[in-house]
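Two complexes, one shared chain (chain A), two partners (chain B, chain C).
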Partner chain A sequence: MSYPVELHGVSKRYNIYDRPVDRLKELLWRNRRCYHREFWALRDLNLQFEKGTMTALLGPNGCGKSTMLQIIAGVLQPTTGSVSVHGRVTAILELGSGFQPEYTGRENAIMYGLILGISQEEMESHMDEIARFAEIGDFLDQPVKTYSSGMVVRLAYACATVVDPDILLVDEALAVGDVRFQKRCLDKVVELREKGKTIIFVTHETTVVEWFCHRAIVINGGKVLADGKVEEMLPLYKKLMDDPDAIAAKVFTAPAAAY
Partner chain B sequence: MRLLNINMISSTGQEFKTRITSDSKFFKRLIPQLVELWEYRELIFFLGWKDVMSRYGRTSLGFIWVIVQPLSSLVVLSLVMGKLMKVSSDGFPYPVFAFIGILCWQYLMSTASATQLPGLAAGRLLTKVYFPPLTIPISILVLPFVDFLFGSIVLVGMMVLWHCQLSVNIVWLPLFLGLEILIALVISLWFMALTIAFHDMRHVLPILMQLLYLASPVFYSSSVVPKNFAVLYDLNPIACVIQGFRWSILGAGQPPFAAMIPGTCVLIVLLCLGFTLYDFVSRKVADII
Partner chain C sequence: MTVDLETKPNNSAKAPLEGTSNLSPLTQTRMVDLWHFRELTKLMVKRDLMGRYRGSLLGSFWPLINPAGHLLLYTFLFSIVLKVKFGNSGSSSNFALYMMTGLIPWSAFAESISRSTTVILENPNLVKRVVFPLEILPLVAVISSYLSQMLALSILFVATTFYLGTIHPTMLFLPLISLSLLLFSAGVSWFLASLGVYVRDTKHFITLGLSAWMYATPIVYPASALPKEFKWLATANPMYGIVNDFRRILLEGLPPDWTSYAMYTSIAIVSWFAGYFFFSKTKKTFIDIM
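Right, the complex of A and B next:
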């Protein structure tokens, strides 16, 4: 059986250059000399996500959760390993990720749809639903730069959920909305889960995880620390958060391969 | 193996296209990329249309600026080059002759400057959501093209004013228009890729465009180029296309087809290199920015 989202040995390495000119130097030396250090954001992740489940990714800031979501969304390329994704992926990665501040809410929604391969016509037909869910009223035809941060995230949420995704990636997008909106977002997420969609959720709010998620994965320093039922993972996560020494240090290493 | 992203039949039974972004060679990926690009044509037009709307709708004098730009440069060139320096225009009225060059140049110049403005913003968009990266350099060609069309209306007016006969060579115009668009595409691919990779590019770009401007027969006729330099000169695709436009509209000079071959070859090589370069940079963009 194939899973909607599968990660096989995924690692992500960033080359860290101290100065921009180092990048140029390395290019001119055609990699015979090395001017960078490496940062491994993810190391050898092997994960499967089942259909109709809601998984929480837990871990300290900068442990690689967002990088992992970006790789699943197809925005980042893993350094090693492969990812296979079956179905339409929508992501709420950051506050209004990808919205153009000069465009109106309606135009941004249409562009969002076009980016996902949905025709302008179809997106227009969802527009009422988007406006209703985002509660932005007449601001729909105003540039997004005039929106409050809550409105932006509501619009992002409305766009991402209205297009009937098979896989929904949510990255700490709940924190901005007010309590009422958070509740409606969660209701929507649960509704999608019931419909058999796969949801991967990054949050620091353990209560949300406790109530809604089937599974939790604790990540630390780019590696999977533990993976399993929420009840078992939460104490582990809390222990990790209470112990500053346990949180993986972020170190740059010299490149492994000799040039 | 790098990333293998396969979208198959979704849970709703709706069929999704197969998207493969593996580490295979460029030419193996080119065809699927072009197919994907075709599926995203609506996005290209939407982005292009938005550019046009913000240009023509947001400024108070909107569309007047489009004509003022080439006209002001025409006035200066006509006075300095036409009247003072007496630059040859192969027997045609200098303003009309120069204006064809200016229109062609303006198209390339606005494309080049458009790569600077959204270059970084587009780069950021690419780090957030997946879509075919090639949509951006193609969509920025739309606005300069609309400007070009408006400029052509002015050209027609000028030809009536100076009693210029339209040449029968006009049937070849679409060929040169196609070449012009390809040159603009090369410029947009190269500059956008380089701007994303190296932020220093915005300082290099004006110098480069200045050199290209002088190396192309915008305000002079290519007939002034000495014979020994002609071979070198023909390597510049912009020179070919401007000569071609003048020949097809006014009937100026010889049929440029033989002289076009080297320039077109250079153009094709640059286009392929540009695709490779942009492809490489856009896959790394999330890492770089």
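Right, the complex of A and C next:
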């Protein structure tokens, strides 16, 4: 039995360059010369996510939650380790999405589908559902740049859920919507969960976590601090948030090995 | 089963996307992926062309008015004011047509590469938020520049027929030369699109570089005017051969110069593959920089 999402020793290192050209120089030198310092956003994550579960990622800002979602989504490559993903992944990463501001909502939805390998016709057939869920009405055929931020997130949410994903990644997207939309989003997420989809969620709303998630992972400084049942994790998370000294500092380090 | 998440699109809507993305930045992208994304490319090209003149009064007539206006302008300047005489075959002495014939392939090329230089930086959404096949972005710029020059070409056909009183059957060689131009433009575009992310100065350099390149190509002067010591440009610069062949087939009724055709087509093929390779080798790190 394999899990829909598995992380094996995933680390993400950012090389910090003082000038962009240094990166190119290093590439051309094929790492024989070193022009950078390092920042480890994630360190050695080993995690499995089961089918039909909803997991919350908790942690202070900048602890690596979003980086982790980006890696699972395939937008970002891990520095070491590997991620295996079985099924279609859709993601609502940060606020906004891969939308083109000049394109209309409809065109963006079609493009969203084409990127995932869904034909234009199939996406057109979902269009009513998208418009209904996003509640954008006649704005569907207006450029996305004319949308309010709530409309953009709703459209992103509608696109990400309508294409029948096996894995849904949500990164704090709820924060923008009004209460009613938040509720509808959660309903949708629960519906997906019950269909056996895997959902990974980044949020700071502890009530949402308490009500809907099976599992919570507390991340601090790019490492898993604790992982387990929601009722055990939440007090831990609250304690972490109340203690500024516990939150890992962000430091750049010199490259470990000589090149 | 190990496939690259970023490069393998889901072919059928239901097929699960299996993958392990334990990939180094060196992971190659297969060129067939470009074909998978043809619908997406088509959509973006269409959107790009529509967007250019959206909101303008004359709308879709602009791509025709522009070249026609320029042609009239050149005719006035070169035939009436400056009285430039130039033409390898005696049949054509119209400098405006010569210039225009050179300018069309040049503009397709120049516009492609100057747009490609910034195309990645202008689309941070597509780099950071979705797993987007970034290699199609420069390609969209190239194809869209091509299609807009194709309209200019139709104006040129009308003008040529009018001035020369005939259409040369050698114009049937046009797709052949255009293909080489396309391959060359796309290769250079991929290279510069990637370089533009690393080195922000690229776009400023390209503005200057394109001017220099244009004067190194016989567009505003006949190829025969080039001094002997610069003749090597004819072989080193693929645009030289391409412009020359455009004139041969469209204005002079001659077949392409096959030696130079073989030369620039080889360069074009090499640059297509090299540009693509460079782009796909470097694209994984774009997100870390932007």
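Here is the rule we use: the second predicted complex is superposed on the first by the 249 of 259 C-alpha atoms of A that agree within 3 Å, B and C clash if a C-alpha of one lies under 4 Å from a C-alpha of the other, contacts with A are read in each partner's own complex, and residues count from 1 in each chain.
Everything that follows uses one rule, which is that a contact is a pair of C-beta atoms (placed from the backbone, for glycine too) under 8 Å apart; a residue touches a chain by one contact, two chains touch by 3 or more.
Because the structure is a prediction, the values reported are computed rather than measured.
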Query raised in the report: If chain A is used to align the two complexes, do chain B and chain C fit next to each other or clash?
Result: clash
Query raised in the report: For A:G87, is the partner it touches chain B (first), chain C (second), both, or none of the two (neither)?
Result: both
Query raised in the report: Which holds for A:E122: it touches chain B only (first), chain C only (second), both, or neither?
Result: second
Query raised in the report: Thinking of the overlay built on chain A, is A:K238 touched by chain B (first), by chain C (second), by both, or by neither?
Result: neither
Query raised in the report: Looking at the overlay, does A:K51 come into contact with chain B only (first), chain C only (second), both, or neither?
Result: first
**Report entry** chain B versus chain C as contact partner of A:G196, first or second or both or neither
**Finding:** first
Query raised in the report: Given the touch rule stated above, what does A:G74 touch, chain B (first), chain C (second), both, or neither?
Result: both
Report task. For A:R33, decide between first (touching chain B), second (touching chain C), both and neither. Result -> neither
Query - Which of chain B and chain C A:G98 touches, first, second, both or neither - result: both
Report summary line: Residue overlap on chain A between the chain B interface and the chain C interface 14-15, 20, 23-24, 70-71, 73-78, 81-89, 91, 93-94, 97-98, 100, 102-103, 107, 110-112, 114-115, 117, 119-120, 164, 166
Report summary line: So, in the complex, the side of chain C touching chain A is made of residues 5-6, 9-13, 16-25, 36-37, 39-40, 43-44, 47, 51, 123, 125-126, 128-133, 195, 198-200, 282, 284-285, 287-289
Requested in this report: Please name which positions on chain A make contact with chain C in the complex.
Outcome: 8, 14-15, 20-21, 23-24, 27, 70-71, 73-78, 81-89, 91, 93-94, 96-100, 102-103, 107, 110-112, 114-120, 122, 164, 166
Query raised in the report: Can you name the residues of chain A that touch chain B in the complex?
Result: 4, 14-15, 20, 23-24, 51, 70-71, 73-78, 81-89, 91, 93-94, 97-98, 100, 102-103, 107, 110-112, 114-115, 117, 119-120, 164, 166, 196-197
Report task. Please give the residue numbers of chain B that touch chain A in the complex, ascending. Result -> 1-12, 16-17, 19, 21, 39-40, 42-43, 46-47, 50, 54, 121, 125-131, 198-200, 283-284, 286-287
